[in-house]
Every structure is written in structure tokens, then in C-alpha cells.
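The chains carry the letters A, B and C, assigned in the order they are written, with residues numbered from 1 in each.
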Amino acid sequence: MAERIPPDSQFDNLNGRSVVTLDDVSTSQISYLLRKARFISNHLPEVSQAAAGKILATLFYEPSTRTRLSFETAMLRLGGHVIGFSSAQNASVSKGESISDTVKTVSNYADVVAIRHPKEGAALVAAHAASIPVINAGDGGHMHPTQTLADLATLQSRFGRITDLTVGLCGDLTFGRTVHSLIETLCRFGNVRFILISPKELRTPQYVLDRITASESCSYEEVSDLTSVIGDLDALYMTRVQKERFFNEDDYLRLRDTYILDMEKLALAKPTMAVLHPLPRVTEISTDVDNDPRAAYFEQVRNGMLMRMALMSSVVGITLPGFAEDRPQEVQA
Amino acid sequence: MAERIPPDSQFDNLNGRSVVTLDDVSTSQISYLLRKARFISNHLPEVSQAAAGKILATLFYEPSTRTRLSFETAMLRLGGHVIGFSSAQNASVSKGESISDTVKTVSNYADVVAIRHPKEGAALVAAHAASIPVINAGDGGHMHPTQTLADLATLQSRFGRITDLTVGLCGDLTFGRTVHSLIETLCRFGNVRFILISPKELRTPQYVLDRITASESCSYEEVSDLTSVIGDLDALYMTRVQKERFFNEDDYLRLRDTYILDMEKLALAKPTMAVLHPLPRVTEISTDVDNDPRAAYFEQVRNGMLMRMALMSSVVGITLPGFAEDRPQEVQA
Amino acid sequence: MAERIPPDSQFDNLNGRSVVTLDDVSTSQISYLLRKARFISNHLPEVSQAAAGKILATLFYEPSTRTRLSFETAMLRLGGHVIGFSSAQNASVSKGESISDTVKTVSNYADVVAIRHPKEGAALVAAHAASIPVINAGDGGHMHPTQTLADLATLQSRFGRITDLTVGLCGDLTFGRTVHSLIETLCRFGNVRFILISPKELRTPQYVLDRITASESCSYEEVSDLTSVIGDLDALYMTRVQKERFFNEDDYLRLRDTYILDMEKLALAKPTMAVLHPLPRVTEISTDVDNDPRAAYFEQVRNGMLMRMALMSSVVGITLPGFAEDRPQEVQA
């Protein structure tokens, strides 16, 4: 099994490690990955053969085109190869094989695995069974650490930092795992003020609020109205408000519009505010926002690919030509 | 958005352009692609690294193995990479994402898109949304410009020209979009005599006939019997006669055999006639015809791959070692 | 069509040949492949560009992730490319195209085909139609020659030979084609004693027993109890006992445990015994056996990939840098 490491440990090297949650990656390693992704962004031709001969296996037990293609592109742009499957129908699952056996088999083919599975805990099981690094590409509740890395990279690229920010999170804050993971990770770095914008039915869970409180330099405020706070925000993270979360259609229709970002609401925001969204977007961001320079959600897609390049090259243990491995302080400086 | 260009414009460069229909490609560009494909055919080893580092995304919202594998092979034989999906089930479509958002996302991963979609107009929507070139690999009615390019390349390779030919089109001429697109494109070059061979239920639509009439140097004749005209033809383009096009089974059975090409009918044809078919073939060409030198339909498959190599290398803007870019007159000379 | 050759013929060269069954490969060629796989195992970096520019088409009309990924990895680790489909849903099969036409089409794209199909005989049909080598990756009853090659390579790597062994085969010996193919192939080399361990409902078919008898240097014994013979075995080949093979649930439950290999039964075996299994495994080998050095079934996965590298490089006709082609006697020496 590729070992997991305790958070913020002294052991500062991702080589050979699995990443099931971001607790597997220390803050200095996250800073290192942010720095590495930025390097890659500016040196794509130079790194295009760095992973020559390496193979990524994408084991997607449920379809997720965006995430799968991001991992695959990341490996291809490093010069490696890709094998895998894109849904359980196309896999041997029907024959009753365990995830462990599948991963032990694939350990003979590939150098790194990206796994997506509908059941929570599947990625951890895979990481235990594998003799190669396993990266969680989403299991149960669609939590996946590389989405949070994409979010962080977008804040970093827009503001040059991931601290000293007022970050609004808007929509479904109860079930949105992406949001919880982002809050928890930002709290590890500190100095963030969270504005939690949601209907009362979809408030942030207590354990997430407790996590913010536990970080001395962080604070939060819960509000139900986006327009009243949008002017204060450095970043606004939008999420989907799913119809099925509501008790009745009337509540849904009444509330939905409140949490749709359109040009009218955007007019109240700072000119430097960044709008993030994990995608896919349905109606919660009006498409005319796409052309506003504050729209950062398609940049986020690119940043996700770059962070996956940074992460995979690290866990596979390859060096990127021209990249200085030993300047971890730069990002946080 | 990758821009579309008006037909036969002065701007004679496909670099960065989308191809939704062949109206996006001028006749001199088509000639250029024919010449380029012939060059590639004779220089496969020399071009095998020309697209190194480039990525094709095959977004196939409905399965079409032949076309998808042709595009993928074309990119691989140019030294590039491929990502994508082969059916909507395996894509994120179930989450309600728009084609535009998918294509904007994929624009961050790839250098060129080949899209296939059951709805007419999907490729145009994709081309508008993308920041990279989009090639229509079939949308609604299974029209796709690279099929026509394959057809033209096959005529070119058999006859050294795509003009001054008598071309028979046989079978379902009402619903066969492939046939309409071929007729329209040949009319842009001129000097073709069309023999339209079909049952009265499946005649060529008036707007296609009008297109032929509008071309001074082209003409047509409508007949219902293949054997009576096969001896006049330089090329015979066969299509499938689908059962569901008929009002009753009796009509279908009576007519079907009339439009099946077998060795008996082929005996009446010129020894140099070329038999084309867009494939897949069901019963409309007897398999013993496959070994006759006039059978050109598997060559057509290869020509399709070569034309996709020519087209993709052009829209992605790479140069092929040893290929002279500036001799567009050669093909038509 | 890529030609098939008679067993043990003088023509000792796989270049351009299809492999539908192991009867298509002479014993000296099998020895050659075993030697080549061992070379590859020790020289992966040296062979990593040997098949540059070559394309494998994986035509999987039914899903088989393990086998498909093995073939794909094998080609990628030789530096080649891969195209294909992983299930009939994603193929053009719904349009009624014949296997022959699909394979003739794909012959224009690829350099070698690996085909898997639910119907027996499909691979032979494909081999007849193709102008490139076709390798059977399983058709009907899931027989496929490269599984047997993986089994042989595992015996070879564990014992340095595939003769002079006592080989136990345990479980479903009636329907397990893998087992029949292994027995038949070992009989071609000779000097093997088979212990056939199964419930009376699932005994080895007479034609397989006759094959053993026909080989002067081979013998067999049929028993129903694993524990009584396990101490005699050099290798134990486990197979699944499927519930649906039994007339009633009681028989199934009673018999199942008898044919499960666990640490208790393994304690009775020689310390050098090798446990093989074609995988996927369900319950027939207890997972705590995995960590025992006698467990060879995940090695078998790796050996399968190596043998596919050996086989594909041979039929495609590429040379491996540093490999001595002309020492076929080494393996059997």
C-alpha cells in the first residue's frame, strides 16, 4: 500500500504517496503544489516529456467526464500514457470483483491510479490495496481533493495568495462537499473571513462552523441574501441549489432566484472579485456572466488540470526540467 | 469562438478555423486538403511526429465507432494524443450541462474537437462556444463534412480528378445526407453528370436538384433502374435502403433487390468504375464484390483517415515536414 | 487475411500471423515467447519505444477490463498507440455491421487487433477478414490463448520450466475453458502429472482426459478432495465454482467450501507451491492467502501483460533492441 501521511508532518515528500483526502497533504506540500502548478503553466513545452513511459489508470466507476478528462490531459501533457474505464458498465464489476482486486491488478499495469466511485471510502480501500499511488477523484458525496486544489490554485492565481481574503460561499452549503473541503483547507492556512450565503434550509453544518471557529485567524458570518454582502467579497464561490433538497416546489422557486448570479447582482461586486464554481453549472450563474473578467470558473478548469499535473508528477516521483524543488516558502511569502 | 469563413473567400488558411459544414471550406482549400492527404499517404513516417503534444478531444454524444476511430487514428498517426468519450452515457450530460459549457471546459484540455451529436445544429453551437477549432463529426441526419472529404479523396485517388465524371448515386436519395453533401460539393467544382438511381419513393429532394441545375457545367438524370445505367458510370455511390422508409413490406422487398449491387450487375459496368459506399453496409453490396478491383469502399475508409489528418493538421496550424504548402493549383490541374 | 499456421510447423515466425487459438502457435514459438517475455521483464526501458508508431485496436464486444487493459498497457509499454471500444453499446454494432466489415475497416487504422466477442468463432471470422494480425482476447466460453500464455509464463518464472511438474487444477473443471486450454498446451510440451480436483458434478470432460492420455509422458488422477492432495502439488490452479452450475443450493453450499483455498489448507502445501488463478476471484481464494509467497495470481497478471508484449511485438514484426531472436532452445534447456 502507498502510505498516507499525517497532516503537516515533517515528512515533506509526496513521492509514492496516495491522496485520499487533503489531510494526506501537508500545508507546505499544498504550497509546493501551488508553486509547481504555476511553474507548469509557464513551462508546458518543457515538461511535455517529463513523465514519458509512465501510465495513469483512470478507474471511474461512475461517469465524470470533466474530472476524467482533466486527469487524462494532465498525464498526456506530461508525456505519459492513459488506460482505464469511464463507467462501471464497461468494467469487470459485474463479475463481482472487489475494488481491492481490481486495484491490485491495475498496480501491475500503471504507475498511478485516479479512482472515482459512488461509495464513500472506496478510494481509501483502493489506496490500501494498491502498490502504486492512488488519487481520489471523488467518492461518495463527490468529495475529491483535486477539486479543492483547483479552487486554491484559482484563488492563488487571482490574488497571489490564499490567505487574507473575504470568501463568500453561496447556495447549498449543507450538502456541498466541495464547499466544506475548501473551507477546511483554507482554515489550515488561516486568515480567511467566510461569508456563508444560503437559505435557512441549506445552512453550513455545525462541524464545519466549528472548524472555522477552531482556527484563531478565521471567522464566519451566516446570511441569506447575496446582494447585501456581495460588495464585501474578494471571491464568491457559487454552488448549485438542487430542487430535490426542498420540501416543496414553492420554496424552491422562491429561493432559487435569490441564489442565481446574474449581471445585475454582479454590478454590486468589487471589480476584482473572482467568481468560482466547481461546474457543471446549470442555471445558478447566468451565461452572460461568462464574459465578465470576474468569471473565473473556466480558469478553474485549467487550474484543475495544472494541479493534477503537479500532483501526479509528485506522487509518481518524476522531476520537472527547470523546476526548483526546494523553495516551498515562495507561495506563502 | 473559432471563426467560420464564407465559401470561396479570399482568406485561404484553415489555421484556427472550425469546420461545421463544407461551406466553411473554400474550393481551393478542399483542393489543398486533397493534395495534403495524398502527400500524407506517401509520407506517413515523416509526419508521425508533426502533431507531437497536440490533443484531440472526441466528444461523441452518440456512438459512431468508425468515425471516432478514424479521427483518433488520424491524430495518433500525426503523433498527437486523444481524450474524449464515446457515448452520452459516459459523459456528464446526465447532470444537465450544456454543450457550450462542455466545450468551454474541453477548450482548456485539447487543441481541436471532433463532435458528434444526435441534434442538428449541435456542432455549430459547439463551434461558437469553443476557443479551439471544432470539426463536425456528424450532427442530426448524420451529415458530416469529413465523410464528403473522404468521398472526394476516393474519386481523386481513383481518377486523378473530381471533375469531368459521370457519377451514379443509388438507393435512398431522399434521406441520405451523405449523398446530398457530395452532390453539393461536386457542384462547387463543376463538370459532373449525376445519374440519380432510386425508387420513386426515395427520390432526390428538389433543393438538391436545384443545386445541380444552378451549376452551369453540371446536369442530372433520374432513373429507377441500376442495370440500365451502370455501364455509363465512372463512379457508383451506393447507399442503404432502409426498411422503415417504406409504407409496406411488399414494396420494400420488391425494391430492395433492385438496389443491391452484386457481381451480376457489376459485370455490366466499366472495368474502371469505382464503387463507393459510406459504410456501414448491410446487404446493399454483396460481399463477393469486395474482392473486385472496382470496390473502393474500404479505400474510402483509409481516405477518410488521411483527409482527417490533412484537416486536423491544418486547423491546428502545424506544418508537415516536406509538404509544400503553396501549390494549391496542383490538384485541379 | 493474416494466415494461420499448423501446429509445430517448420515455419517458425509469428510475423504477420493471427492467433485465434494456441494451435496457431508451435511449441518452439511458445518457448520463444516465454523467453522474449522474460527478456522484456528485465528490459522495460530498452523496449519502451520499440513499437513507436504502431497502433493496437482493442475491439471488445463485451467488457473485460482486465484483459483489455492488459493488451493496452502492453502496447503502450512498447511505445505504440491504442484505439478501440470497450463494449458493444459503444460500437456501431447496433447498425448491423458484420464483424468482417468492422475488421476490414479497422485494418485501415491499426497494425494489430485484439478482439473479444461473446460468440464462439468470432475471432476466427475476424482473422479471415483482417489484413492485419488478429489476436483472440476471448470468444465464447471465454477461451483466449493469451490467458494460457500468462499461465505458462507464471509456471516458467516460478519453476524455470513448464515440464516435470505436478499440476493441480481445482474447482469447476467442466466449464472452465482456461483449465482445458492450459492442460492441452502443457500436454504439447509433455512430462506433466495432472491432479484434477472437483466435485463429481464438475469433472473434466472426456475429450480433455483423452488429450492427456494421448501424451505418453503425461498422466492424470481425478479426486474430489483438495486437502488430501495439496501436499503433492508443485502448482495449484484455482477456478471459480459458480452457483448456477448446481442443481440445488444445498449442493452448492456443501461443495463450495471444499474448493476454497484458505490459510488452513495452504498449510498442508509445499513451501514452493505456486497458486494460480485466472481472475477475477470471488470467494474461492481467501484474501489472507494474498500475502503468502505462494500466491502467484497477481504475478500472473503481470506475466499476462509481458506475454502480450512478446506476442504483439512478434506478430507486428518489430525487433526489440538487445533481444537475441535466435536462441529458441534456451527455455526448454
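Here is the rule we use: a contact is a pair of C-beta atoms (placed from the backbone, for glycine too) under 8 Å apart; a residue touches a chain by one contact, two chains touch by 3 or more.
These figures come from a predicted structure and were not determined experimentally.
Rounded to a multiple of 5, the C-alpha superposition of chain B onto chain C involves a rotation of 120 degrees. Because chain A and chain B carry the same sequence, their contact can be compared by residue number, and under half of the numbers here are used by both.
Rounded to whole angstrom, the centroid-to-centroid distance between chain A and chain B, based on C-alpha atoms, equals 41 Å. Multi-chain contact residues of chain A (touching two or more other chains): 89-90. Those residues of chain B that touch chain A in the shared complex are 52-53, 55, 57, 81, 83-85, 89-92, 94-97, 100-102, 104-110.
Of all residues in chain A, only 45, 48, 63-66, 69-70, 72-73, 76-77, 82, 86-87, 89-90, 279-282, 287, 290, 298, 301-302, 305 touch chain B in the complex they form.
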